[in-house]
Amino acid sequence: MKHGKYRFLAMAILPALALHVIFVLSPYAQAFYLSLTDWTGVAGQANFVGLDNFARLGEDPLFLSALGNNALMLIVVPLATIAIALFLASMLNLGGRRGRAEVQGVAGGKVYKIVYFFPQLLSVPIIAVLWQFVYSPNNGLLNGFLSAVGLDGLARTWLADGSVALWAVMAVMVWSAVGFYVVLFSAAMDSIPRELFEAARLDGAGRLATFRSITLPLVRDNVNAAFVYLGIAALDGFALVQILSVGPGGPDGATEVIGLGLYRNAFSFGQFGYASAMGVALFFLTLTLAVIAMRSGRRTKVEMA
Amino acid sequence: MNPTTRRSVLRGALAAAATPLLAGCVTAGGGDQGPALRGQVTKDNPLGVALDAPLEVVIFKGAYGDQYALDAERAYNQRHPQAKINHQAIQKVGEALQPRFVADTPPDVVDNTGAGALDLPTLVKANQVSDLSELLDSPSLHDPSVRVRDTLLPGVVDDGTFNGRPRALNLVYTAWGVWYSRTLFAERGWSYPKTWDEMLTLCGEIKKSGIAPWTHQGKYPDYVGDLLVSMAFKAGGNDLLVAVDNLEPNAWKHEAMINAATAFAELVGRGYVMPGSEGLSHTEAQAAWSQGKAAFLPSGSWLESEQKGVTPENFQMVMMPPPQLSTSDKMPAAAVRAGGAQSFIVPEKARNRQGGMDFLRTLFAVPQARRFAELASALPSVKGATEGLRLSSGVDSVRNAVNAAGDNAFRYRFRTWYGTLKKSWDDATGELFTGRLTPQQWADRVQRAADAVARDPNITKYRR
Amino acid sequence: MRRLGDGAIHLFMAAWAVMVAFPLVWAVLSSLKTDQQILTSPWSLPDRPHLENWARAWEQASIGKYFLNSLVVVGGALVLTMLLGSLVAYALARYSFPGNRFLYYLFVSGMLFPMFLALVPLFFVVKQLGLLGSYPGLILVYTAYALPFTVFFLTGFFRTLPNEVAESAALDGCSHSGIFFRVMLPMARPGLISVGIFNFLGLWNQYLLPLVLNPDPANYVLAQGLAALSVSQGYRGDFSGLFAGLTIAMLPVLVVYLVFQRRIRSGLTAGAVR
């Protein structure tokens, strides 16, 4: 059985490993090497420049503001998405009107579950184009809505105002992500035995207390995983910012993200080596985040000899 | 399977993985394409095209379509019937062609245009584009007594020249200025101002009539930025323009620059710019302008074809040069920024380089250029190509502006030469137009960026 | 007090639904309007359904043909990804052997690097293998780039499956691959479905890889056709055509979702990631 095991392991792992090494790791390894060169990206020659590119990162004001923006996104986007998704999911499952003790979801929950998932079906460029029309200053949906409900004072040029532009972009990220996590969390909540809730209700616990003492602990694993996914997404944000923001990355760097600077340096400034250095920096950032998150959420591993 | 076989399987897999890893390195150099093909130089074949060499043409298919290129390819085939032409019309020129440049297997001629175009200075720095002198000095196709160089409108060669060598040829002759609707202005009895003072007076009048005097494509601040520096260059003259392009110290702090920035800051300050313009994309701003919500709009000569679908009938759009800052400007009122756009390049490593150049010789001859003007309703860079053609209002006004400017057509290169400077200039201009930067702060910031470029040893410098 | 709370909850849930659905409905409506109407009165209903937009988008972006290309490439890659990904994930999750953790992180690290930095080197790798512009080439590359996430997701999933069934199968003399294919894979079906959905959406919208590796317009996949459409939109102000193209591309995915939504969501339930 021992040899059979290794033969099976080889058969199971090698084909995928070959694909991974050839098409993913080897190009990435080259990009790591290129981060140590002054490669322009359009010719076969490059000079080795050591760590110069990494030293330059610290003096690049756009890269530094990108770091700051990505850091803010890293905090806000996962927190807001998960908070909204948890709320909606628990209401879908348990928020319904109740008699003495029975627990049920709100009316129309099925429809909600379908509708909430919609944004997941759209690719980022489509989402960006749609929201451009939402944020449009003069006949955009958002300002139109605000003036319709008498809140003209709140209307502004969302994407061109440095104090709100990044928040406007983050709102789109949250908007597009919430639906997926609603479905994910409510799936997890479905598997919690009803009796637990009903017992809590009979004890006179309110919704908030029930949520804190029963729901949250039982979906903690899912919440941890959601933090990892959303964190990786928040560190990216490139496609959305590139299409949606003023400049792009503006006004005046307000929505600059690492991916955008990387793209600009690689393809507009002919500094592919420097751009690769940004990519390597981003890689280690994401890696750190992922390791921290996975460590904190790790479960015991089931293994079979 | 015993451990030995297992190890050899592993080794085999690793070897298979390593082969493309080593052979496929981007910096390993390519060059499997062989030497450039050449044929006999004759009177009919001055560039020495190898007659049976296939030709690969890559066209950016944007506002102007690609029919004009197909027509030019047919004309090329009539002269070289054995040549097999591979026509490709694409959008993201840069991403699609970048690896082929690195591999030294580029196409034979490329229309390097559009949002995803390859950065031309980078290509020049890496010596990836041919010196086009050979083409420019060859006899033109429609009149063999004139060299190609002399059939082009003023500034066209200059615009593609890097440190004395012509590297790109622009098919479209573009002028940049201020647009308005002739119909609207005739209705209201307004006329286009010659100086900025007149502009401010007229703007007051326009505002009273309930229309916003100006809007602009705030999402891309270079639309107004180009207008701003054009006005500064008209005031400060060619010396200032050269100083800016040559990254000279304090060029951006020149009085004319500050005055031009102040002029626009005043436009914003007096409420003469449609609210929200700073957040509009080009399509949105231009649509608002087409609907008569604003009177003036900055743009280049492509505006009319871009607006085809949304321009009301009898709108009659026209373009004028930016007004003078004052009557003491060094350049006359008619001076206008004009030069080439839609860059064609012949890659240095192209297999059929001569064919690529000869294709350009075909395309830039009067019959094909005229065909382009008809199909694309745009002004080609070839002298006399639009003679006798009935032009639409916008193209006609651009032609008139160019003719009126004559030798006073000017062009600056800093934005093409130095991508990082353009980015800082964009950001600062956006802030100037929202009032978050004063004219002085604007000048200081752009100057700092110019100084940084001048100091940076990684950036190749160009001079004029 | 409680009534008020209920009302607020309903309001919030309905508001979120409207916020999510509105842009989609709006995009579909806009595809039925003229460019003029989109720009002058973006929030009104079309005066009549301008189906010519759809015809134009269909023809210009050759949507029908690109759709088939996408189906072949994404379908092929999806099958291959699921097969290889589940094998690796199963091996990593349920066998201990030297290098297990290393391999896991090796695969997972593929999720952490911006893809466009790898594009140029990748082009050379694919070219060297003679796979440029071919369906097998695209399928293999799509698979390779979908594997890291698939392995990450399914490894977590296989770890949660109970041991007893596999153990009794092993006692009955079932081989390792027999246990995998006949016992574990069927048990993992819910997880496979959810990761399959992720991969389908991701690969269906994949744009960068075909852009560089699939240069021939005749072989374009749908994402490339749509990009061509949106570029020409930017130069000609053809908003209606763009929205028509988007709608055409979006509708099949939407229909698939509506038809399979129960199964998709139950897939997610089971796959609830750990």
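Chains here go by letter, A, B and C, matching the order in which they are written, and residues are numbered from 1 within each.
FYI, a contact is a pair of C-beta atoms (placed from the backbone, for glycine too) under 8 Å apart; a residue touches a chain by one contact, two chains touch by 3 or more.
On a predicted model such as this, the values are computed, not experimentally measured, just so you know.
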Top chain pair, ranked by how many C-beta pairs fall in contact: A-C
Chain of greatest Cα-centre distance to chain A: B
Geometric centre distance via CA averages, chain C-chain B, whole Å: 37
Gap in Å, rounded to a whole number, between the CA centres of chain C and chain A: 16
Sites on chain B at which at least two other chains make contact: 20-21, 24-26, 95, 98, 102-103, 284
Residues of chain A engaged with two or more neighbouring chains: 6-7, 17, 22, 26, 30, 34, 41, 136
Two or more partner chains touched - positions in chain C: 119-121, 125, 129, 227
Touching residues on chain B, where the partner in the complex is chain C: 19-21, 23-26, 61-63, 88-92, 95-96, 98-99, 102-103, 114-115, 282-284, 286-287, 291, 305-310
Chain B partner contacts - residues on chain A that touch it in the complex: 3, 6-7, 10, 14, 17-18, 21-22, 26, 29-30, 34, 37-46, 62, 132, 135-138, 157-162, 246-247, 250-253, 264, 267-271
Residue ranges of chain A in contact with chain C within the complex: 4-9, 11-13, 15-17, 19-20, 22-28, 30-31, 34, 41, 84, 87-88, 91-92, 95, 97, 106, 111-126, 129-131, 133-134, 136, 139, 141, 144, 175, 178-179, 183-184, 187-188, 190-191, 207, 221-222, 225, 232, 236, 238, 259, 262-263, 266, 272, 275-276, 279, 282-283, 286-287, 290, 299, 301-305
Complex interface listing, chain B residues touching chain A: 1-3, 6, 9-10, 13, 16-17, 20-21, 24-31, 94-95, 98, 101-104, 116, 118-119, 121-123, 125-128, 218-221, 274-281, 284, 288, 419-420, 423, 426-428, 430-431, 434, 436, 458
Chain B partner contacts - residues on chain C that touch it in the complex: 35-36, 39-40, 119-121, 123-125, 127-129, 208, 211-212, 215, 217, 227-228, 231-232, 234-239
